[in-house]
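You will see chain A twice below: alongside chain B first, and alongside chain C after that.
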Partner chain A sequence: MSARGSVASLARRCLATTARPVVRGDFSEITAGDLETFTSILGDPKHVVTDADDLLPFNRDWMNKYEGKSRLALRPKTTEEVSRIMRHCSERNLAVVPQGGNTGLVGGSVPVFDEVVVSMARMDEIRSIDPLAGVMVCQAGCILQHLDETLAREGLMMPLDLGAKGSCHIGGNISTNAGGIRYLRYGSLHGSVLGLEVVLASGEILDVLKPLRKDTTGYDLKQLFIGAEGTLGLVTAAAIHCPPRPKAKNATFLSCDSFPRVLETFRRAKADLGEILSAFEFLDKESLDLATRTFADVKNPLEGSSDGFYVLIETSGSDEAHDAEKLQSFLESSLEAGAITNGAVAQDVTQFRAFWRVREGVPEALNTHGAMYKYDLSVPQAQMYDLVEETRDRVGGMAYTVGYGHLGDGNLHLNCVADAYSDELSSRIEPFVYERTAELGGSVSAEHGLGQMKASCIGYTKSDSAVEMMKLVKRTFDPKGILNPYKVLPSSN
Partner chain B sequence: MRVVVGIKRVIDYAAKIRVKPDGSGVDTANVKMSMNPFCEIAVEEAVRLKEKGLAKEVIAVSMGPQASQDTIRTALAMGADRGVHVLTDAKLQPLSIAKLFKSIVQREDPKIVLLGKQAIDDDCNQTGQMLAAIMDWSQGTFASQVAVADCQERVSVTREVDGGLETLSLKLPAVITTDLRLNEPRYATLPNIMKAKKKKIEKLTPEELGVDVSSQIEVLSVREPQARVGGKVLESVDELVDKLKNEAGVL
Partner chain C sequence: MSARGSVASLARRCLATTARPVVRGDFSEITAGDLETFTSILGDPKHVVTDADDLLPFNRDWMNKYEGKSRLALRPKTTEEVSRIMRHCSERNLAVVPQGGNTGLVGGSVPVFDEVVVSMARMDEIRSIDPLAGVMVCQAGCILQHLDETLAREGLMMPLDLGAKGSCHIGGNISTNAGGIRYLRYGSLHGSVLGLEVVLASGEILDVLKPLRKDTTGYDLKQLFIGAEGTLGLVTAAAIHCPPRPKAKNATFLSCDSFPRVLETFRRAKADLGEILSAFEFLDKESLDLATRTFADVKNPLEGSSDGFYVLIETSGSDEAHDAEKLQSFLESSLEAGAITNGAVAQDVTQFRAFWRVREGVPEALNTHGAMYKYDLSVPQAQMYDLVEETRDRVGGMAYTVGYGHLGDGNLHLNCVADAYSDELSSRIEPFVYERTAELGGSVSAEHGLGQMKASCIGYTKSDSAVEMMKLVKRTFDPKGILNPYKVLPSSN
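Moving on to the complex of A and B:
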C-alpha cells in the first residue's frame, strides 16, 4: 500500500515531540557480575562509567531534549573489545545503545531507559591513507573534522561536511547516512563508503572492509548498516573514498525577492557553474534574522537587505582564476535576469568562513530556545517553501517559524521555536507537517534519521510491506532486539 | 580632497604557512593570496570619507607583480575610484615602498595617505612612518578613530598605544596607518564589483617613478617556530614537583 494519499491507513498518529508512552523491553538489568566482566574486557575500571554525574553526557542529547537513564557506559578501544562486550550483552540479554559524537537530532544516540551505552570515543585511530587511490581506513570513533584535517595534508578531503563536524564521529555519520552541506557535489555515504567493519549483536565481527572502488560479488551488506542508526550492528571501522581537496574555493551570498527566484537561481547555478558547484544552501529572512540577532559574530553580508530569501553558493575547483571568472559571469547574468537582487562575493578565506558562519549559525540559534520543533524533510523543490508558509500560518504567534536547508538536494529544514513545548502548539504542527510531506510524496526524514523522535513515523514515507521487510532484516541481524531498541522502526503492536 | 590608499597582496590571513625546505623563505606556491587585512580597513576608511563627502576621489595603490591587480580590483569593488599598479617583481622593502609612495603622492597630490599599520607577512610596521618622514608630513599611526575637521585642514586621530588611547590633532596633509578596531570593512557586492570592472588601473614602473628599489636587506634564513610539545595531565602535586625539578629543571 503506497504511503502517498493513504495517510488514513496509519494506525497511530505520530506525535514526535511530546513524550510517547514507551514501555521498557524485557531486557535484563546490570548486575555487579556484569560490571566485573566489562572491567576485565576493557582492562581498566575508568573505561567502565557508572557514576551518575559522569553518565550525564552519555544520557543526554545535544539538543537537551532527550535524557536516558543508563547506569553504565563503556569505552572500548578495539574491535575485539566491542565484540566481547556484545557477546556478553547478547548472552545476558542486555540492551545496548552504540554512541558516537552524540550530536544526533532525533534522540537516536541516547538511551531511552537503562540501555548500556557503548561509546566509540576511544576508537579514534586512522589505520591508513592511500593518497593515490584516495582511500582512508579508520576506526568509527574518529571525529569528522580531525579526519578532514589529516586528509588535507595528503591533498584529500572527507566527502561530507556538516555543522557538527567538530564533535561527530564518522561511525555515527555512517549509521545515520549523514548528508550535510557538500552532498550536492560528493553524494551520499552509500556511495563514498567502500567498506565497513561491523560488530553484530551476537558479538560476531563482520568484515566487509575491503577498500575497493568496485566490488560486485554477492549482496552489498555494508549498505544495510549505512543509515541503520545502530540497530543492525555497531560500525567499528570504515574505508572511505576521499576526493581530492579543491585548490580553489569561492563563496557568494545572494539575495532573492521570492522563492521561485531562488529556484531560478538554482537552475542557473547548475547550468552556469556546473562541475564547480559544491554547495547550494538557502535560508529565509526569518532564519537569517534569528542567527544575526542571536550571535554577535553572525552578520548579514548584504547589510540592509530586506529581501525574503538568501542563498549561499560555494564553488570548488582546480583553478582559482577560471572558477572566479565562471562565478562572476553566472552572477552578472543572474543579476541582469532578475533571478537575484544582489550578492556579495567573498574576497578572502575569512569572508568565505563568515558566509558559512551565517548558515551554520541558524541551527545553533534555533537551539537556544526552550522548545524546538525540528523537521528534516525531503520535498519537491517547487513546493518547498509553501510548506514553510503553511506551517507558519498554522502556528501563528505561538512560535517563530523558519525554513532553510540544502535546497540543491531537495532537503528542507523546517523549524518552529518557542519558549516552551505545549500540547496546543504541538497539535498545530503535528501531524500536519508529516501528513503534508506524505501528500507531496516526500520523506519525513531526509538526513537526520528516525531515532526515537520519529520511531513511529516511517509510515508516512514507506509502505507497510517495505516496513515488514525491514523488520525481517532486523530480526535476522538482531533476534533479541538488543541493539538500540525503541528506535527507527515502529514497535510491533 | 583626494585620498591615496596603499594596499598589499599577501598570503591569506587564514592560510597555513609553510616554510620552504631550504629555509630561504615561505612557500607561496598554490597558497591563497588576499588583501592584507589592515589594508582592507584602510580602503574602508577611505571609502567612508568619500561617502561623508570629505574625499572627492579615492585612489588605490599597490606595488608588486602582475597578480597585485586582483587586489586593486577588490579595492575598486569596495568603492575606490581608480587604481595605480606599480609593476615590479622585485622584493620590496618598506623604505623602497615609502619612496615609491612619495613619487605617487607628488603626482596625485592627496591630502591623506591611508595605509595599513603593517603587513601580515613581514609585520614590519615601517612604511607609514618612513613615508611621513621623507615627505615631512604629519603622521597618525595605529588609528582606531579618524575624524577629519570640517575645515579639511586638520584631522583628529585616536591611536591605540600600550598605555591606552591617545588622540592627536594633525595638520593636513597626513599619513594615517590603520589598526584593527578602526572599522569593519564592507563586502564587495555585485553592483560595485561590476562597476569596478570599468574603473581604470594605471600601470607604472619603479623606473618611471625614479625610484631605486634594490634591496638594502638580505634575508639569511627563515624557519618555523619550535613545535609545541604536548602537555601532560599529572596525577598529584608530588608528581608536579618531581617533574619541575627533574625534567623541566626549574626548581
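Moving on to the complex of A and C:
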C-alpha cells in the first residue's frame, strides 16, 4: 500500500539524483527573431522584458533561495496571447516557466537556466460571479486576497486561505494544489475547482472551464493540472466553487500538556464543533517561544503557561450565539476531561487577530535565521510528533527544531533553524526526515509541491509504477518537455 | 467558454454517430485455453462463470435496457488476481468490462458484445478505518450502504448517498463519479477520494492508495479514474475521507408558487442554514402527483396544497436544538417574505422518512411506465425549469413530463413517460433536450456518466479539444483499447 518496503532503495536513488547536478536540456536559445515575434504577439515592447535588472524579480524566488538566468519574461493579457506564445515556443523548442505570484516554497516558479518566463500578472480579470450557485470564473493571474474581498461583497468566500494571499495568484494556487488553513473545512482544490482553461505546450487551448457543480461527461482532465506545477499546461482561467461567507467567526487558544492530549482535543473538536470547525492548528512550545521571542507583537494568549503544546481552533458559522455555545461546551468538557490545561476564547476581532498572529508569527520568525531546513510533511496524526522529537534528538544542539502545522489535515511543518548551513547538520537531518516520513506512509510534500527542490525525492511518497505513469502523462501532454523543465519529476526523465 | 458556438454541428455529429450501429472491435474470442488460465488464476472453477443462465445477471443491466452477449464472467477476490486476469487479457487481446453492483443508468457496466465481465463482488473487504483522521481504506466491491453502516459504529459516515446504496459498489460509485443527495454538503468524490489502487489494462498495479488528506508530490493520477467508467483501469481499492456522522438530522417539506420562488428559497437556505444544510431537493407538482398517484405510501406532507413546486430540505448538525432554531427562523422569514407558501417540519423519524419517501417515490413511479425518456442534466439554476417547460410544450399530450432533482447542485432530472416508445415522441424530445442543455452551457450527464447510452453525445458538453485530449489519454493508459470498449468516448475513437 505504501512505498515502505522499498524505502532504502528509494532513498539511495533520491540522494544520487540530488547529488548529480541538473543539466540544461537541449532547448533553443532566444534570438532577435523570437523577440520580434513575441513583441508582435503582445503588441507593446514593455510586456517583453529583456533588461537584466527588470528580469531579476522574475528570475529569483522570494526566499532568495533559487535564481535562474532567464533573458526573457513575457507578460500576456489574454489566453489567445498565451496560446500564440506557446505555439511559437513549441515550434522553436524554447523552454518555458509559467509564473504566478512567485510565492512558492520549492523553486517551482523560477527558471533553472534560461527558460522563458511567462508571467500571468496581467491576466487578472474576474469574468463572472454567480452568487446563487456560488461560482466565480476568473483569470489565473488574480490575486487570492483580491478575489476573496470581491466575493465578500456577494456574501461568498474563497475556499482556501494561506499566508501569501496578498500576492499569490489563483493560477499558482491551483498549479501547486495549495492547502492552507481552512482545508479542514473546505477541502481540496480538486473538489473546489469546477473548471479550467489551460494552454497546452503546443499552444492549443484546452477548454474545460464549464462552471458546473456536476458533470460526468468523460475524463475530468482539469484534475491533471491541479498540482502539476505548470509542467503539463499553463492554467489561464478557472471556475471555482465559493462557499457562503460565514456570518460568525470565533477562535480559541488552548494549551495541552502532551501531544496525545492534542490529538484527544482534535477528536473532541470534531465531535463537539462538527460543522463549524474551520481550522485546527497546533504548535509546540518551541514554536511559540520562537515567535514570541522574535516579534514584540506576538504574545502567548495564555500568559505564564509552560505547557508543551498549543492549539488554535477557529469556528465559522451562520449563528454567532449557537457557535459561542458550542465552543463553550467543547471547552468545558475538554477541561474537565483533562484534554486541555487552559484556554482563552477571543472576545473581539482584536483578540481573534492576536491569536492568529501567534500562528502566523512562527513561519515569519523562522525566516529570520541564517539557515532554515524547512519540511512540509503529511504524516499520520498519531505519529506526527514522534518525527519532530526524533529529528530534535538527531540535530542536538546544532539547530533549533520546531513542529507546528495543520494538525486537522495531518500536515506537519517541521523546521530546523541555525545560524548557518553545514554539511554535518544537513546530514543529520536528511535523508532521515524523508526516510522516516516514507516509513510512516506519509508524503514528503503535503501542500508545497515538489518544484526543483524535491523533484528527485518523489520516490519517497510515490510508487515506482505511479512515477512511471506520471512520466508517460508528461510525454503525452508535453512531448518536447518544454513546460517548466527540471521540476516535479526526477531529471532522469 | 462553452461549446455554445458549435452546438448545431455537434448535434448533427452526435445523431449521426448514434444512428451508426456500434461494430465489434477486433478483439480475440475466448478459447478453452483462456478458461484454463482464468481457472488457474482464480483457483476455483465456480468463480469462472460460463453457463448461459448464470451469465444473464452479468450481461443485463437492472433496467433491462442493455444486454450484452458475454460468454465469461470472472469473480476475483484480490488485486493480484485482477492483475493476472488483465495481464492475460492484454496478451490475448481480450476485451473486458469491469462490473460493480451493476446499478448504472447508462449501460456502462454491461458488455456490448462478448467482452469478459470482471465482477468486483467478491472484493468486499474493509482494510482499515482511522476514526481520528476520518479515513477508510476498502476494496472496490464493498456495498455503499454496508460501508456507511460500518462507519456509523465509529461515528463517521460515507460522504455520498444515493438511491442504489443497497447494491451499488464503492468502486462503481468512484468510476461513475456518482453524485447523490448529499453532494451539496460533502462535495465531489474528486475531493473525498484520497487514494486509489488501480489495475491498468496491461495488468500493472498502479498504487496511489496513500490515505493522506494532503499530498502534492506529482500528478494526482487517481483523479483520472474517478468518472472514467472503467475505461482507463479497474479500481480495486480506495481510501476515502469520511466526515463525522451528524448527531442531529431534520427535514422540512415546503411549497412554492413559482420556480423563481424555489430559487429564492434556495438563496435563503444557503444564508440561514449555512453549514447545516445537507440537501436541497425540488420537485414539480407533476412529479409529486405522479408519486402520490402511483404509491399508496407516498403522501403529500402538505395535504391540500396545489402549488406548482415543492422543496425538501435536510439539515445535519452537531446540536439538535441549534439546528431546530435555525430551521424555524429560516421558515418564518421565508414565509414572511413570500418565498414559500407553506411548510412542514418533520416531528420525528417517521415523518423524516415520509418526506424522503416522497422524493424517492418519484424515480420509482417513473419506472412503472412502458416508456421512459430519462435525462440527468446540469443546467444553470436560473434556467433549469425553462427546460422542463419547453420540453413539456414540445411533447404535448404524447407524454407526461416531470422535472425534479438536486437543485442545490444545478442537477435536473428531466423525464418524459408514456405507454410506449415511438419515433414521433423520440424526435420531439431528442436532440432538443441535448441541444438546449448545450446552449445553456450545461452538461448532458450530471451524475450518471456516459456509458454506452451517451458516448456519442459527449460533444454537447465537452469541447473538441477536450475530447481529442481524452482520446489521447485513453490511448496512453489502454493502447489496445481492451478496457470497457464502446463506452464514454465516441466510437470513432
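FYI, the second predicted complex is superposed on the first by the 480 of 493 C-alpha atoms of A that agree within 3 Å, B and C clash if a C-alpha of one lies under 4 Å from a C-alpha of the other, contacts with A are read in each partner's own complex, and residues count from 1 in each chain.
Quick note on the criterion: contacts are C-beta pairs under 8 Å (C-beta built on N, C-alpha and C of every residue); 3 or more make two chains touch, one makes a residue touch a chain.
Just so it is clear, the structure is predicted and the values come from calculations on it, not from any experiment.
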{"item": "Touching partner for A:T265 - first (chain B), second (chain C), both, neither", "value": "neither"}
{"item": "First (chain B), second (chain C), both or neither touched by A:N59", "value": "neither"}
{"item": "Which superposed partner A:L331 touches (first chain B, second chain C, both, neither)", "value": "first"}
{"item": "When both partners are placed on the shared chain, which of chain B and chain C touches more of chain A", "value": "C"}
{"item": "Touching partner for A:T236 - first (chain B), second (chain C), both, neither", "value": "neither"}
{"item": "Which of chain B and chain C A:P246 touches, first, second, both or neither", "value": "second"}
{"item": "First, second, both or neither for A:P301, with chain B first and chain C second", "value": "first"}
{"item": "First (chain B), second (chain C), both or neither touched by A:T401", "value": "neither"}
{"item": "Doubly contacted chain A residues - partners chain C and chain B", "value": "247"}
{"item": "Residues of chain A defined as touching chain B within the complex", "value": "247, 253, 301-303, 320, 328, 331-332, 335, 340, 342-351, 353"}
{"item": "Residues of chain B touching chain A in the complex", "value": "12-15, 30, 32, 34-35, 37, 74, 77, 186-191, 193-194"}
{"item": "Touching residues on chain C, where the partner in the complex is chain A", "value": "1-2, 127, 130-134, 137, 155, 176-177, 179, 183, 187-188, 190-192, 197, 200, 204-221, 223-224, 226-228, 232, 244, 246-247, 263, 266-267, 270-276, 316-319, 322, 325-326, 378, 380-382, 406, 409-411, 441-450, 454, 457-458, 460-463, 465-467, 469-470, 472-474, 476, 488-489"}
